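Next come the structures, one after another.
In the two complexes that follow, subunit A is the common piece, with subunit B as its partner first and subunit C second.
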Partner chain A sequence: METTIKSLRKQSLEKLYNHLASSQKIYAPIVTSDKQVEFRYNPEFRDVTFEHIRSTLSVKNVVFPKIENLFYFTNTKEESIIKDIDLNIIPEVVLWGVHPCDSAAFDILRSIFCWDIKDEFFSKRLEKITVITLSCHKSDEFCFCTSVNLSPDSVKGSDIQLSLLQNGDYQAEILTEKGNELVSQVPDLFEQPSGEKKVIAGVKNKFDNKKVTSNLSGVFEHPFWIRNSLRCIGCGACAFVCPVCACFDIQDETKGKDGRRYRCWDSCGFSLFTLHTSGHNPRQIQSQRWRQRIMHKFSYMPDRNNALGCVGCGRCSSSCPVDMNLAEQLEALQNI
Partner chain B sequence: MNSLVNRAKMLLEEKSVNVVIGYEAGTGGTARPAFISESADAEKLIYNEHCVHNLAVYLSKQEVRKMGKIGIVAALPVMRSILMLIAEHQVDPENIVIMGISHDGSLLDIENIQVMKDYISKSDPGNPERYKDKLAELNKLSMEERFEYWQKELSKCIKCYACRQACPMCYCTRCAVEVNQPQWISVKSDISGNMEWHILRAMHLAGRCISCGECGRACPVGIDCHLLTMHLSDQVYKYFRVYAGLSEKMSSVLSTYEPNDKENFII
Partner chain C sequence: MNNNIYKPYLMEIEHIVEETPDVRTFRLKFTAPGDAEKFSFKAGQFGEYSVMGEGESTFCVASSPTRKDYIECTFRKAGRVTNALANLEVGDTVGFRGPYGNTFPIEQWEGKNLLYIAGGIALPPMRCVIWNTIDLREKYGDITIIYGARSVTDLVYKHELKEWSERPDVKLITTVDPGGQTPDWKGEIGFVPTILEKAAPSSENTVAILCGPPVMIKFTMPILNKLGFRDKDIYTTLENRMKCGFGKCGRCNVGKIFVCKDGPVFTYEQIRSLPEEY
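This part shows the complex of A and B:
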């Protein structure tokens, strides 16, 4: 579809939001404390933030929930009776105010979840979302989207992109049929473009990702990994806040005869992640797990998924308790 | 801070230590843990109000242990953690040099464990002042209200275990949540799984927590989980008249029986 550009007055933005919120599920960011921005379902428009740099968690949970039931079962003496999940009950959701880095992550997640076999749960959830992105008019020292082939106003994964204009109104880029359908519900709110300029944040280019990817192929045994991960305390914060990290664990939980199988978020930063039944652990120490994190995103994924495993949102670094600044390490790897 | 840098340089040059664990400048004017093994790099060391991480957590990390003798920049919470780690036989006092930092940020002359204990004994061993209001506020709530408060707070938990990893006293090489045959603690991060985890964590730290607040600071989703362990520190003091991290000879309050232990809290 050809992109259409329209203008939305500030008041119209509120009308658009309220129209959507009154008729369906809408997932929008609100400020919950001085350091936390959370996405919530159908908050009041007055609580929705347009000023946040990044939400605490990404919105990946909409397509990859932290717990996803895969099926229910009942065990009898003879057999296990499986009851499938009805995927048709997954509701349509409009994601509102997602920044371009987070919307770009959906395609990368698809490259993981639909690599060989199409993951039904993920695919259905992805099908049900409409993404209204908000270009970034603010950034901070943790942002590095421009170093991973994106920008503060890139439109990957977006159905409609809103951008702040210099006069306080918003520009709407209608990018897909899904976006067009949404606009057609309230066409009067969208006016002809006013010619005002967009306010877009500056994000410094920190490294050449192609150079990093090429260097990574020869540094598996380099002392860099131990030296640069000494302060890593081995928690899973970076993986869980990451919009791209997709590792999960599968568990069965039973109560009497009945039970369920679910998958839940997991992290390669944990030692249990690779512990074998024999007791052997191929990634015994944290430096090996830190290496895996970087290798997976910047070497294995470009190789296998034809995509970088990173959108430069900076969450891993801003939420790290010990300031393991990923961009800084990638910068060092560029020159290793 | 010249005295800290000079001390680190001297320790490294004399080969009294192989590495100094301290702080360096972090992203955006903050500070972060640093590992200095060359005396020329000692200049990187800083100490200011951003240096809040409890560095004692690194004393049980495999890669750090392998480095040999360790110099460690230690403000009061770090010193108390070190005493606990010695008491629990996790740290050999012969293997560390303590570069103590006083309340006002100046370098202390900590020659040995006794000097450190004397210094610690001059400070208030209870929970830090800045947490007392919130603790008192929670204590005023009824049991139901408190349960509701924690259910709401803990529903945010994503089970990243930053609280555990940031804690010097959570040094187990295999945590109870990592035992999966059988699976004692639910892996998933829903309200019951989260409650199980946080109750387990708090109980394992009762009588061992030195109230540094690192667990809460490390939490990426802003759960004040330090209030749980701090409340238990108050409770342990109430029943046993003991605070953690004041002596290197302390036995664990909740896993040791003394004939004069009060039993009136056992219903």
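This part shows the complex of A and C:
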């Protein structure tokens, strides 16, 4: 559908939020008492932040929860019974204030979960979200969306994009039918565009991702990987905060005769990730695991998924306890 | 939910064979009406076998697709799931998801001689294709099987080895590592590469299928090449740790290929183009 541009006064923003929050689930960012930015379900409007650069975790958990039950089972001496999951109970959710990098991740996640056989858990959850993005009017040294084909006001994965205007009001770009449906619930709040300019953060271009991808095909055995991962402690934080990382584990849990099989977030940075029962490990040392992380996102995924496995949000670097900086390493890889 | 790709078939253990002190074969039959009819697979494919509450483990289907109504799997007691499987009895339930992965290109092999070389617990992933081609015997030339294990005790499928050795249309050579023989052992004594070199099968119009521990592969490959086998005529199956089995969980990849989707069957020509991540 054709994009419609409207203007939304600051007071109307609150009305829009309260309208949505009163009628359905809305997932919006707040600043917690320990200064983390966390998405919460239906917080008060006064607590919702518009000033955050990035939330601590991305919003991927809405479509790919940390733990997803795959089915329940009951074991008795006579038999095992499987009780399937009813996906119809997944509620519609409006995601509010998601930055453009995070909304761009949904399509990439789809390319992981729905290539070949379709993963219904993921695709059902994806169907149920409406995404109201908020363009970035602030950035920091960790941001690098412009190096991965995005920008602080790109609209990929967004249904309605809000952008701060110079006079303090907001511009609303209505991008999809879903977005349009939402606007039609409260049409009076959306006014004709005022002509005010958007306030958009500057994000420096740090590397040419096509060059990185092309270089990666020839550097599997390069000493770069050891040199650049010596301080990696394999904590997996980068994968957990990443909006695109989708590697998972499958585990069983029981209580008496009842139990569940679930999948949960995992990370290629963990030494147990690829460990064989025999004790053999194809990725035995941390540099091989770090290489896998970069190769997967910037070489294998462009090749197999036709997408980069990165949206440039900068979380992996900002949350790394030993200051490994992905963008710096990619910059080095472009000149390797 | 109609299409839960993680939900296994529930299968009943119909028959158990104790192959060695730590290797067992299960014959599994479908329990839900209609499952057996809608299930089909091809030689080389694998599945996720599970004990509810313990988790899933990946191994190939070891029976031939020409034998309908059941599937068989052979596993060594090694980790949490295989230990739990080993504690099951006839009549107990096993979960099975599959079949996954690619297949041995047995149609392409028609009219050719087949040389199967397996070591130890690597005969099970090959048993499926061995029986598949024996069941379609007239389509193939000579069938030769070279199978080695550490000791006589460690040979799996002892009944079938006997059956193959008695068939006039199959040439079977069994061997055990030096010191692994028993007083009445009538097979060869020596490592697989040595025995292969001694047997010196012709590479003319022949494909080789090779599965075994890395050390065996390492020393067998040069012998095969010396006998004239080209890398593209040598097949094997790769194994890497897996969870999902369909290219999503992200752990079995070797470079950009997924063992679970693009494999597990590869030619050595393909394997030589891959980074060493297996």
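Basically, the second predicted complex is superposed on the first by the 332 of 336 C-alpha atoms of A that agree within 3 Å, B and C clash if a C-alpha of one lies under 4 Å from a C-alpha of the other, contacts with A are read in each partner's own complex, and residues count from 1 in each chain.
Criterion: a contact is a pair of C-beta atoms (placed from the backbone, for glycine too) under 8 Å apart; a residue touches a chain by one contact, two chains touch by 3 or more.
Since the model is a prediction, treat every value here as computed from it, not as a measurement.
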| item | value |
| --- | --- |
| First, second, both or neither for A:Pro282, with subunit B first and subunit C second | second |
| Touched partner set for A:Cys268, first subunit B, second subunit C, both or neither | second |
| Partner chain in contact with A:Ile5 - subunit B first, subunit C second, else both or neither | neither |
| Contacts of A:Gln251 with subunit B and subunit C, given as first, second, both or neither | both |
| Which of subunit B and subunit C A:Phe142 touches, first, second, both or neither | first |
| Touched partner set for A:Ser317, first subunit B, second subunit C, both or neither | first |
| Touching partner for A:Tyr300 - first (subunit B), second (subunit C), both, neither | second |
| Partner chain(s) touched by A:Ile117 [first = subunit B, second = subunit C, both, neither] | second |
| Touched partner set for A:Asn325, first subunit B, second subunit C, both or neither | first |
| Subunit B and subunit C contact sites that coincide on subunit A, given as residue numbers | 249, 251 |
| Residue numbers on subunit A that touch subunit C, as the complex places them | 70-71, 73, 75, 79-80, 82, 84-87, 112-113, 115-120, 220-221, 246-252, 254, 259, 261, 263, 266, 268, 273-278, 280, 282-283, 288, 292, 295-296, 299-300, 303-304 |
| Complex contact set, residues of subunit B against subunit A | 26-28, 30, 32-35, 53, 57-58, 61-64, 158-162, 164-166, 178, 180, 183, 186-190, 214, 217-218, 220-222 |
| Residues of subunit C touching subunit A in the complex | 1, 3-8, 10, 50, 52-56, 78-79, 82, 93, 95, 214, 239-241, 243-244, 246-256, 261, 275-278 |
| Parts of subunit A lying in touch with subunit B, wherever the complex brings them together | 32-33, 35-36, 56-57, 66-67, 140-142, 226, 229-231, 233-237, 239-241, 249, 251, 253, 262, 264-265, 267, 270-272, 284-287, 317, 319, 321-323, 325, 328 |
